[in-house]
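Quick one: the structure is below, and I'll ask about it shortly.
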Amino acid sequence: MIRVRGVSKSFDGRRGTVEALRGIELDVGDGEFVAVLGRSGCGKSTLLRVIAGLLPASAGEVRIADEPVREPRRDVAILFQRPALLPWRSVLDNVLLPIQVHGQPRPEHREAARQLLSTVGLDAPFHRRLPHELSGGMQQRVALCRSLIQRPRVMLMDEPFSALDALTREELCEVLQRVHMEYAATVVLVTHSIEEAVLLADRVVVLSPRPGQVRTVLDVPVPRPRSLGHDAHATELARCRAELHDLLLASHMTGV
Amino acid sequence: MIRVRGVSKSFDGRRGTVEALRGIELDVGDGEFVAVLGRSGCGKSTLLRVIAGLLPASAGEVRIADEPVREPRRDVAILFQRPALLPWRSVLDNVLLPIQVHGQPRPEHREAARQLLSTVGLDAPFHRRLPHELSGGMQQRVALCRSLIQRPRVMLMDEPFSALDALTREELCEVLQRVHMEYAATVVLVTHSIEEAVLLADRVVVLSPRPGQVRTVLDVPVPRPRSLGHDAHATELARCRAELHDLLLASHMTGV
Amino acid sequence: MLRRVMEFGWPVLGLAAAIGTWALAVVVFDVPEIVLPSPADVLDAFLRVPGYLLGEAVTTLVVIVLGFALAVAAGLLIGVAIAASRIVELMFSPLLVAFNAVPKVALAPLLVVWMGFGQQPKVVMALLVCFFPVVLSVAGGLTSTPVELVELARSLRASRTQTFLRFRFPSALPQIFVGLKVAMPLSAVGAVIGEFSAGDEGLGFVVVQSGANSDTALAFAAIALLGVMSVALFYALVLAERTLLPWVRETTSQR
Amino acid sequence: MLRRVMEFGWPVLGLAAAIGTWALAVVVFDVPEIVLPSPADVLDAFLRVPGYLLGEAVTTLVVIVLGFALAVAAGLLIGVAIAASRIVELMFSPLLVAFNAVPKVALAPLLVVWMGFGQQPKVVMALLVCFFPVVLSVAGGLTSTPVELVELARSLRASRTQTFLRFRFPSALPQIFVGLKVAMPLSAVGAVIGEFSAGDEGLGFVVVQSGANSDTALAFAAIALLGVMSVALFYALVLAERTLLPWVRETTSQR
Amino acid sequence: GSDDDNEGKAGSSGGSAPDKVTYITGFGTFGREAYAYVAQDKGYFSDAGVSVTIQPGQGSAISLAALAGGRAQFAPVDLSSTIMQVGGGKVSGVTAVAAVHQTTDAAVMALADSGISKPADLEGKKIADPAGSVIGALFPAYAKLAGFEADKVDFVNLEPQQLGVNLATGKVDAVGQYRVGRPNIENAVKGKEVVVLPFGKFLTESYGSAVTTTTKIAEKDPDLVRRFTSALLKGMRYAIDHPEEAAAVLAKKHPTVNEKAAAAEIELLGEAVQPKEEGAPIGTMDRERVAGAIKALADAGAVKSGLTPEQLVSFDLVPKS
């Protein structure tokens, strides 16, 4: 589905160049769930944006469904690190935005939006509010709903749960797993949380920082649906977690 | 040091009123470290902003050092949920901002700023960059440095580590503990992470949502410095963690 | 309550202060009426022919409003074109700047020759005088959308029209309103300049006519009427801004 | 490389297109020279007295620049005062709007009487014509600082001055520049209007004199010179904006 | 300013420092205004001990305001205009000290092919004229004497600069113009024949413009007034005698001037400036005629009666033979 070949990316600023990514190779299969894990500033967001077609790679190529990616695609939903809500639109209208951009929202779309919002814990009184009246976590959840309403084939998500409390995060992880399985969506999830990566991903890509390079790819051989409470595969999950912890630490050591 | 008495807060929007906080009572002693834990949207940020004097309470009163709080105080540093960096200032100048607002930065201030930045993992080449050239987590770290450079007596921090990876977060938790102990600073830390609360706080205040009310205050009777790796008090910490988990869950049940 | 009262009280006070200073200056410096009439002279002049002045004011008001409306339309069109295409910007914005630096009075003969002595050349004059701020603010607003919103639009594969309608335009509105507020009084200036140069209607005509007769007081009365109308139109715009863009007041800090 | 070339190529093309259309229109509609001279006529007129025209252009340029500089100073002052105090805003902004709606040509006799025939009344005229956009954009920019930055300022207990200098003003700069860009050509208009009404110098004088002599071609030559100068000044401003505010281009989406 | 013209020419009268005065022309820098520049160029002003700054004028009202406001000391102002403004109570403190035109120079001009050849042809036609102009004010009196109905003429307001263009393009049938403006109009209509209907043919009492100053100067420094007007009128004499040279002087100072048209204007000017009474000097003014001019305007309803010639003219300062 997604094929990243030798992708490098440098930013030329007025104060010199930053090499953010170097020679990234990554294949994500159809319906696969891949987490990208790495330390702050290691190039996770940059990689996601290159895959999304928002940022041109300095070298290398990205292909989705065998087509080279130059611009964002309609079948790909992107969730940004910052919520990026339109300040003049109500919560509901923000969620409906992708529908409106592509056509006229029908009543069933509104229903779906309301449904999604209450799934993420935002009930009716909030639907008509403007983004600035929401807390940080609420805004992030609205952005999540906006990316889900498109029923995309591919989801690229940049730390979607970073502003959420442990419990809400768990709930939303569950929602995300369900969506992933129902839509058979291919997901690339950027995260800084080992927990999250292990809970959600089939494979975890660990980036080492400056320049961002693939350090390891770790398989998480645990059947779905997974949950933290669930104890059946507790040891397996714990092993993955520990391993990732060490990898991150190591990536740090060698990376800088 | 900080005394919160019967604080309530409602927001009057065009789409009706939201009751964000109701009858909050809280005392934070001199040099104490209190964490405020609660689910997304439960009123944590609002409480912090009321304590900071940024938002007037609808009812009740906040006192710091026995003076009623109406406006922010110089001896109180506030770290916002969003980094709020000045886009036209370099990283270093953003960190030096509090110094510049109050006077002329001297070489030792610059040195301190550089020191702080490298403590949080931002080394020299980044000091001269503008905020938009940084990753989300890097921006958050710059904001953290900015709040620490004042050597404040009171620190009010709104999810300072939300955009950071597990390892960086651990490192910065350590930095924060050190600062807390060195400066004998009083800290109120808003967080959505049970982990963080348990690791850092003397007491954890759990808010239940809508309206935000104090559900419980939990003591964490573990000596400092604490760390996650450390196993001496592992069971104690685990107990606290579990208890908080249940409390959050319960707060949710009754709260909505 | 008191706040409400003062919302009206302060402007009245300001007006009173201005008129007071003016009256005082006339007395203290012993200014001849032909140079600067006193407020009382101006009031007298107004009361001499109130009906006539109000009638001409209405004539001018129509021109101001029509000219402004056309300027907004033209300004949006050109502003959007400039914002949409770098080539259009490179090709035409220097011409626009140059054109805007031309004192429109110098173009009055052309307008009259083309359009005669009726309302039309005045409306066109109002349009010409005031469309540039609209162009600049539209183009400026449309080309300074926060990157994150434009990235969102791109990520949704929004068409150019969609990006414009749903992202760039709403986020440009606060800036566009600043342009409209600059343009509004300029439209009044344009209308009056148009009336200066030809025709025998409107406050502009009253101003030249009475000026040539050294009836400075009457000219001032006409100018004062013009000012009153412009203030009313300006605050109508401010009101529209507040009603249409509630989020702006709440995500920015007024004071 | 090609890009660089086209940055100059497109404007030249635009100019050529404009002049071509003009020349064609004159021929096709058989417009008499006195109504609209052809580009060739205008060039002829310029070549008749090039030294004189350039000399007068310099005179006018000085007035434009002085008037603009004063307008920026005055606009900043008044804009800051309005942004700083709701009372000042309520008291004086209606007066400002009203004053701005007064066609400054109507004030020309007054200016002459107060300030004589020298450079001063022209500079004042340029100032009067162009300060309002500066005021509005300064006041608008200063009162629309993102809340988060103002909260940061409050949390640091920044004084009013500090809040202004370090938070509000830098974040208002992009908007202020839009105001300056609107004001720049207006300053040219003001300078020329000032020269229209008194004195015997400057491009404005050339325009009236040649207009009165039915020498429309010469008037157009003077106007063209004025346009050229304004374009140069305008792009100087654009350049200043780019150099001073690099972050703006990078946090907003141009196109 | 044009102060630099005075440099190097010390005042000669009495050896004291020259009096500095500002002079405003009637309107712009047309050929008809050349005489002041000639007086300047020939050194007549400095010979008279006056240092003069010449400023192009913008019409009667602004000249009167500049005099009243002390920004100018001398200006030729249409006497009819002064009569109306002073009579209307708008202006005071000004006084005429010498005539420029002995007969009003006001006129109406039309194209020959418009079918207008005599005053009565104006009925039913459209005349363009600047708002508040002297020509418009005198028109009813002129119509009465010329024997047609002023009410049947359609006047439209048009800026002075636009008169020629609009006549040339046929937007209007006729324009209000000063008689000396004929070359200018001919220039504008490019070769077509122009018909001139001068008001002076019927309004024989009315003067044209007159050198005007403030009563304060006239009372406090009559000597200055005499020195100034005689130098100015000396310039006038010279200009009328040497139209080409005068036009060249003007064009040297103001390159925008059309030298040919200017010379032609000066030729036409001579006729209006020449006193009707045998032997009277240029600039002379007669009490009876001023009274007649006032009456003509009062009859036309342009001014209340009751104005005396002394309120308008300082006869003791008027040039006498």
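Read from first to last, the chains carry the letters A, B, C, D and E; within each, the first residue is number 1.
The criterion applied here is as follows: a residue touches a chain if its C-beta (ideal position, glycine included) is under 8 Å from a C-beta of that chain, and two chains touch if they have at least 3 such contacts.
Since the structure is predicted, the reported quantities are computational estimates derived from the model, not experimental observations.
Peer 1: So if I look at the partners of subunit B and the partners of subunit C, which chains show up in both lists?
Peer 2: Common neighbours, subunit B/subunit C: A, D.
Peer 1: For subunit B, which other chain has the most distant CA centre?
Peer 2: Between subunit B and every other chain, the largest centroid distance is to E.
Peer 1: Skim through the chains and flag the pair connected by the most C-beta pairs in contact.
Peer 2: Going pair by pair, the biggest contact count turns up for C-D.
Peer 1: Between subunit C and subunit E, what is the separation of their C-alpha centroids in Å?
Peer 2: 39
Peer 1: With chain centres defined as C-alpha means, what is the inter-centre distance between subunit B and subunit E in Å?
Peer 2: The answer is 84 Å.
Peer 1: Rounded to a whole Å, what is the gap between the Cα centroids of subunit A and subunit B?
Peer 2: 26
Peer 1: Round to the nearest whole Å and give the separation of the Cα centres of subunit B and subunit D.
Peer 2: A distance of 49 Å separates the two centres.
Peer 1: Check each residue of subunit E and list the ones that touch at least two other chains.
Peer 2: 61, 65, 68-69, 161, 165, 169
Peer 1: For subunit D, jot down the residues that touch at least 2 other chains.
Peer 2: Touching at least two other chains: 35, 109, 113, 149, 151, 211, 216, 246, 250-251.
Peer 1: Enumerate the residues of subunit A that touch no fewer than two other chains.
Peer 2: 82, 130
Peer 1: Sort out which chains touch which and give me every pair.
Peer 2: Result of the pairwise touch check is A-B, A-C, B-D, C-D, C-E, D-E.
Peer 1: Can you list the residues on subunit D that touch subunit C in the complex?
Peer 2: Per the touch definition, subunit D meets subunit C at residues 6-7, 10-11, 13-15, 17-18, 35-36, 83-84, 86-87, 90-92, 94-95, 97-106, 109-110, 113, 132-133, 136-137, 140, 143-147, 149-151, 174-175, 178-179, 181-182, 184-186, 188-189, 192-193, 196, 204, 207, 211, 216, 219, 223-224, 226-231, 234-235, 248, 250-255.
Peer 1: For the complex, give me every residue of subunit B touching subunit D.
Peer 2: 52, 54, 71-74, 76-78, 80, 82, 84, 86-88, 97-98, 100-102, 130, 132
Peer 1: Going by the contact rule set out above, which residues of subunit C touch subunit A in the complex?
Peer 2: For subunit C paired with subunit A, touching residues are 148-149, 151-158, 162, 166-167, 170-171, 245-247, 250-251.
Peer 1: Help me check something: in the complex, which residues belonging to subunit D touch subunit E?
Peer 2: 32-35, 49, 52, 108-109, 112-114, 116-118, 197-201, 205-206, 208-216, 218
Peer 1: Could you pull out which subunit E residues touch subunit D in their complex?
Peer 2: Its residues touching subunit D are 1-2, 22, 27-30, 53-56, 58, 61-62, 65-66, 68-71, 160-161, 164-165, 168-169, 184, 187-188, 190, 254-258, 261.
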